[in-house]
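This structure is in structure tokens; I'll ask about it shortly.
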Amino acid sequence: MGRGKRYRTGRWAAALSIALMGFSASGLARSLTLNAVQTFGTIDPAKMTDYTQYLAVVNLYDDLVYASPSGKIIPHLASSWTVGDGGKAYTFKIRPGIRFHDGMPLTAADVVYSMRRLLAIDQGPAFLWQGVLKPSGVTQVGSNQVRFTLIHPYSPFLATLPLLFVLNEKQLVKHQKSGPYGKWGDYGQSWLLNHDAGSGPYTLRTFVDGSQVTFQRFAGYWMGWPKGAFNTVNVIFTNNDSTVLSLARTGRLQLTSQFQAPETYKTLASFPNWKVVKAPSNTIFYLKLNTQKPPTDSRRVRWAIAYAIHYATIQHSLYPGAAPRGLLAPPGSAFSNPNIPELHQDLAKAKAELAKSRYAGKKLHITLTYVAGTAFEQQVALLLQSDLAKIGIQVSIVPAPWNRITQLATSKSQTPNASEVFFGPTYPSPNSVFYTQYDSNAPHTWASMAWLHDPQVNRLIVQAQDASGFAQQKAIYDKLQAILFRLMPDVPLVVQTYEYGMLKSIHGYTYNPIQSFDMNFHNLYWAP
Amino acid sequence: MAEALLELEGLRVEFRGPRGISRVLDGVSLRVAAGERVAVVGETGCGKSLTVLAILGLLPQGARFRGRLRLLGREVPAAEWGRSKRPLPGVAMVFQQPMSSLNPVFTVGDQLRAVARTLPHLRALPAPRLRARLLEVLSAVQLADGDRILRSYPFQLSGGMRQRILIALALLKEPKLLIADEPGTALDVTLQAEILGLLDHLVRTQQLALLHITHNLGVARATTDRVYVMYAGSVVEEAAAEQLFSSPLHPYTAGLMRSVPRLDGSGFGEGIDGTLPSYLEVDLGCRFRQRCTFRDSRCEEKPELSSPSPERRVACHHWELVRAAAALEERV
Amino acid sequence: MTAVPTPRGARRTGEHPGWYRFRKNRPALIGLGLVLLIGLATLLAPWIAPYPHQIGPFVNFSAANQPPSWAHLMGTDTAGRDVLTRVLFGYRTSFLLMLVVLGIGVPLGVLLGLAAGYFGGWTEAILMRLTDVFLALPPLAVVLAVTSALAPSLGTAMLALAALWWTWYARLVHGLVRSIKKEDFILAARRSGASTGHILFREILPNIISTIAVKITLDAGFVILLGAGLSFLGLGARPPTPDLGTMVADGANYLPEMWWEAIFPGFAILVLILGFNLLGDGLRDYFDVEVL
Amino acid sequence: MSSPSDLVLSAEGLQQSFAVARSVAGRTKGWLRVLRGVSLELARGEIFGLAGESGSGKSTLGRILAGIDRPLGGRLLLGGRDVFGDRLENSLLFKRTVQMVFQDPSSSLNPRRTTGQTLEVPLQVLRLARGQRSARVAELLDLVELDPRYALQYPSTLSGGQKQRVALARALALNPQVLILDEPTSALDVSVQAKIIKLLLRLRSQLGLSYVLISHDLSLMRNVADRTSVMYLGRIVEAGPTPRIFQGPQHPYTQMLLAAVPTLTPDEEALKPAKVQPVGEIPSPSRIPSGCSFHPRCPFAMPVCSDQAPPAVPKGEGQFAECHLGVPAGRA
Amino acid sequence: MTYLSYIANKLGLALLTLFGLSLIIFLISHVIPGDPARLELGPLATQAQVLNLRRELGLNLPLPVQYGNYLWGLLHGNFGISLVTQHNVWHDIATRLPATLELVLAATLLILVIGVPLGALAARYQNSWIDGLFRLLSIGGVVTPSFFAGILLQIVFGYFLNVLPVSGEVALGVPYSGHPTGMPVLDGLLRGNWPLFLNALRHLILPAVSLALADLGQVARITRASMIDVSRKEYVRAQRSYGLSDASMTFKYMLKPSFIPSLTLLGLAFASLLGNAFLVELVFSWPGIASYAAKAILQKDINAVMGVVLVFGVFFVVTNFLVDILAGYVNPRLRLGTQAEG
């Protein structure tokens, strides 16, 4: 069947089906439907861990400070702040006149409550402040100020604060049930399973188990609203590209997730009223190599792997994006070391490295995991398998669900030789990249699947945390990057480019370096 | 001879199977006069049941048949019997297995009414009158407590009651000819005797003709006026009951009668050697000859039905010899 | 005077009547043909597949997603591999699954079923309750649970399926044995002094073997079907080993544009199952046995 | 009565019941009382006839006599030993003394085993060498008048009569003294039945066997059995030498049975009791009538019959009947 | 045996089966070497946090104690907390079950309404072209993997013809509250909300057909086979000879006795219906319990897995219990109790 004919029938039938379903064109204009590839596990700011959870929270709540597209920390609920006591005391002034969704005013007490709650529940982003901040260090100063007194100076602290969202204390106290937190009961956790207690741009309208979620515009939002803002936003769940295409084609979807297959974006771009918006991110797609497990415990084997990979295929066809330089993205970032080169395939060098390694002449076999069901990760795995076969390394591919990978990552012996993993800074500071991934004192998570244990690296990371001033930090990070490049614990494969398919009439998309903060619906508006 | 109610002429039935064509009925002719009681006897596999199935239009799929059927002097077209699955007017069947001939998941009343609704004279009756009619039929087959029986499922009734219901189902039609295939064979002798008595009573009081299929010579003798003996797909002998049982003319009939143990303790004969020939083999001679003590070269040619006396027929080249041998035996 | 009778049914020259009956059953013949053809193609895959070298660690992204052509009769997949080649080798995975599952499940089930049916008592009670419980579990769900519990691989899936499968045979054989052990010939054999082993394996087993054979043939298709479902859910063979269910799952992402990537492997599964089903139905008619 | 040395098998007061309904908890709520105290004695070389309708318990009795089922009460004695009490029913000794021939030869032969294989099973028990076994198989086939070639045939290629001969050969393989024959010919045509009966009679004199012949066919019984017992609802209600039973039946049930027998000649007709007409059906063994269990069907029933079970009344020459009619006044 | 004791008997067996079921499910779920605590806390949590939570969840107790706790919880309607959604599993299941139920019921309806008469018709016209066509269709249904059937239907009706929706339960533009039954088709009907009803119905068609196909073919085949079997029975020959019409023979007097084996099969088919629901729900993004379960299994959400498989098992056992009762009703011998025959 020819393409033209198919689309003709398609259009005719679409018109019919819309008529049958009683869709009104005007109803579509002010509501937005997008797809997500996983459901909302939780919408509690003290528990959020993944991109959908961040997406919900950033729309339902406001954070103390916000990050600009370049990663600069800018005022939000806090109108200004001061740092004192040798970098240990941070005092924030809360903007007046902000109201929660239930109409109550947002005060400094709510901020104190929110941070203490977060630390007490000790899940989600709480790890950021472990060993840095105790609940007792969170105090109200005067009527409209909050002070955080750190255990020791910690330069990335400000950069971590966009992850502190403010909850409505009175509302939660009203709805709290008994629990392990004394007078705070369960800190309102059970109520927050399907309610919100925020001041953010959107309120929760329907939340059926995280699988049917509708957000409703909060008319009294303190930042006001642009013309053409969306009244309701529906999030539907599918990771099936053909479903996404079908929904888009029939006008039932206006915005896609950033996780569609390259083929899907190509097809979407060919639709007359659709566009594909791209934004380079600071997230890198790595091949993480377990430096504690043979044979990837050999630096030369790791380099052999790094030389064997055909990066161009990945960066141009499998997962289009920029070539990374070293381990800190994006290349244009202020802290990036300009002397570190891009990696290219060089089989001769790869074989040479292998020959010099202590495993020379042996039959090498490594395991490789990737997130099951992710089409391009599978293709990358196949590519790696075929590339490494060329230098005599046999690869067995083990697709695993993401949760399985995170679990394997907590044990040195269970972590596979190689894992395909995305990592982006959780907060806009190089510390987020280096400490989380390469400091052997950091909690062992999927981010640190390299299991790097290098005293020099550890030392430099701490030095940078304590350092004050850009130049000093920059010098330390340059050195760190050079060392890490030589050690090659992770092979950076490609810098992720966010890609969203959306209707041409949707505007206002703004990149943000933190998780899914770019999906703050407040930025989006409709303009035909 | 009385007016012929049913006339079957030259019925041939064939099946095509993996090893070739088997001709299971080879020119069977039967005649039943009004009010007459006729038996067809023969052993397993002789084709007596198939003959009845053909008349009733119940031949199995894959059967091919040829022959003429006249009912009440009217020629029945081939499309209306054999495999037509449509019942012939005026003919009703009493089935032989009281345990399996009633639908197990419907009540007796249900099944009687289903049949009544197919009959022109009952179809239009209003429910209460139909019910009265059903009770009447049940009492005709000597079933008291008709109300309870109408409400009962077959498994709730005894074998004798079920056999009576099968007769009632046939009687509903108010037939002229009742065809009974081994009635009571599955029952005990005392019950069988009762059922045969009932049939006899019905035939006499309602002026029915009866075509009785049985393998039991004694039953045939007790209930009928005239008997056809079948062997290997053909009628080999036909006679009035008394004549047949006092002097059989076909060696098969004679051998069969000698095989039956007698109540007087006079012992019994040798039986008949051998087995039924295969229907697959094309045989131009007498089909009984391999088992026959009288066989000679003439038997290589198929014997036609000959008439030693009016109303009597036998298909044997040696019937006179058989009669003489029997007479000799009698004298000894 | 008694002539020695010719035994009836002595072998005649010409066709065996059993084969004649089977031959008349055209669907069964088609089924047999399909199974033999696919089995042969699977065995000969390294020689008849157009690109056998693409089975190992091979990618060619420049040739990815090509529609069917003379060079690639079923097109190529997202990694540029020939779909026809992968389908042919994918059948190996299906056959392996079937052989392992039935190879373990059937003998086990038959033995337990024989024991339960013949001895009755506690053996029977426990075994039959157990099969009831197993029957209440959707096999797909259980296998999914077990495999993801142990290791999401084909091997675990096979073992889990085999661990479920014996129950069906135990149940079937149990029923058959229960009815057959009441037959007079079993009684007669016992009265003539036959041992239990003799009765189980010489008297009973030959009488139920045809039913078991029919069940196996029908099950072969069913096991492959379930296996395809499992690999569709992501519990298939590890890449790059070709697996038909996985191919459908991967290809389904690119519907309808790159239809060949899901449709051909899907039909490949379908045709093989069809073959086993037609054959099984034919055998069922042929042996005239009842199998659910 | 036979002298003790002639006695091969005897039974005393055999009782058998089967549970019919169970409650959820597995408790039995109803019983079928199939045998209610049956005693008999079988002498060497004797044919002991057991007559009765279905449901009378005669087959159950046969299975107990053959050691297949254990009775709930009573004893089976073999050479002075209590078979079930001493757990002898599965011993080689018992199997070499008593064997059984079943009613339906089609189901008593394994369709998947050849005649030879079937016959070899008992021979293996005797630990005969392979060569001896095949010789013995040929011998057994010869004994039942079958060609040795049949050893290679499967049952499906045999006729009913041939199958029953094979079953008989199997029963004879262990050289037993007693055969329990459960309706051995009722699945066969009369012409074949005669041959089988002749064979059985020949074997008895040739091998000195004793038979327990179970049959519902009184005409057969009359011609074969030395002694005849008539069973009704689990009891022997009349027994005696065969000629006496048939010429002077004392029990109304025996008379009713005789009256129901279909016959071929007027001579036989004359032997049937004229006073008793067959009526009613045998009740279920789960609801056995009180007193004399036959009283609901008995044309001579008296008030006492529904109250008291009648004693066995001797009628001379070893004949007795359980009936109040024959009880001298004052004893009831 | 009376009908009542027949039912009681079946009920006893069903309860016994359920007990065994709970044991097996528990054992399977506890050989899972995954760590639910890690899962709950998210990928960046520390080991200390994980150990704490393990203690809280009782995962460090001996297995028999854990089973006891589990059974005790079940009896109190407590299936535990889903580690992924943080809800009580029972709540998760209850909100998703209606969608699956809707799908399964629709499939069952299709099987009954199409499969049984189709089988009857095929038996009636045995060996004719109708029969041939039927056999082709039913074997096609049996041999097509349900997920593949779903994909094919999506392509044909969703993409090429574009006449039916290919994912979800109701379109987004259609307001739906999930009340009172949680099944939009039924709710639309009950409330007279025709746009909702029509919309949900259109969404239901493709998944229900994909799900029904296999068992529809199977039930049709069994019905055909048992009809043919019944047609050879003496009583059918008898009833035919009385002149009962073809239609009443086919659809009444033969169908009812042959319905009993089909009914039993239908009960058994429930296991495969529920199993195939896994695949079909994934293909059609159906918001039901099976896709929840598939996800839970992959994420080693122990409580959720146990809950779902148990609910499926209970579902199956209850259905078969009902089937048994229905079979008892259809079969008067079971309903009225057998009389002891001699």
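Going by the order they are written in, the chains are A, B, C, D and E; count residues from 1 in each one.
Basically, contacts are C-beta pairs under 8 Å (C-beta built on N, C-alpha and C of every residue); 3 or more make two chains touch, one makes a residue touch a chain.
Since we're looking at a predicted model, the values are computed, not measured.
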| item | value |
| --- | --- |
| Reaching subunit D from subunit A through chains that touch each other, fewest steps | 2 |
| Any chain in contact with subunit A as well as subunit C | E |
| Length of the line joining the C-alpha centres of subunit A and subunit B, rounded to whole Å | 90 |
| Subunit B-subunit E separation of Cα centroids, rounded to whole Å | 53 |
| Chain centre separation in whole Å, for subunit D relative to subunit C (CA means) | 50 |
| Touching two or more other chains - residues of subunit D | 54, 159, 282 |
| Interface hub residues of subunit B, defined as touching at least two other chains | 273, 275 |
| Junction residues of subunit E, two or more chains touched | 34, 154, 159-160, 298, 300, 339 |
| In the complex with subunit B, residue positions of subunit D that touch it | 53-54, 159-161, 189-195, 197-198, 216-220, 222-224, 242-243, 246, 256-265, 267-268, 271-272, 278-282 |
| Sites on subunit A touched by subunit C in the complex | 240-242, 261, 263, 267, 313, 317-318, 372-373, 375, 378-379, 381-383, 385-386, 388-389, 394-401, 404 |
| Complex interface listing, subunit A residues touching subunit E | 1, 6, 9-10, 13-14, 16-17, 20-24, 27-28, 33, 39, 41-42, 47, 49-50, 122-124, 127, 130, 193, 208-212, 234, 236-238, 240, 242-243, 246-247, 250, 252, 372, 401, 403-404, 406-407, 409-410, 436, 443-447 |
| Touch list for subunit D against partner subunit C, complex | 66-68, 92, 95, 99-100, 102-104, 107-113, 118, 121-122, 124-125, 145, 147, 149-150, 153, 156-159, 167, 170-171, 173-174 |
| Sites on subunit C touched by subunit A in the complex | 56-59, 61, 64-65, 78-79, 148, 152, 234, 238-240, 250, 252-258 |
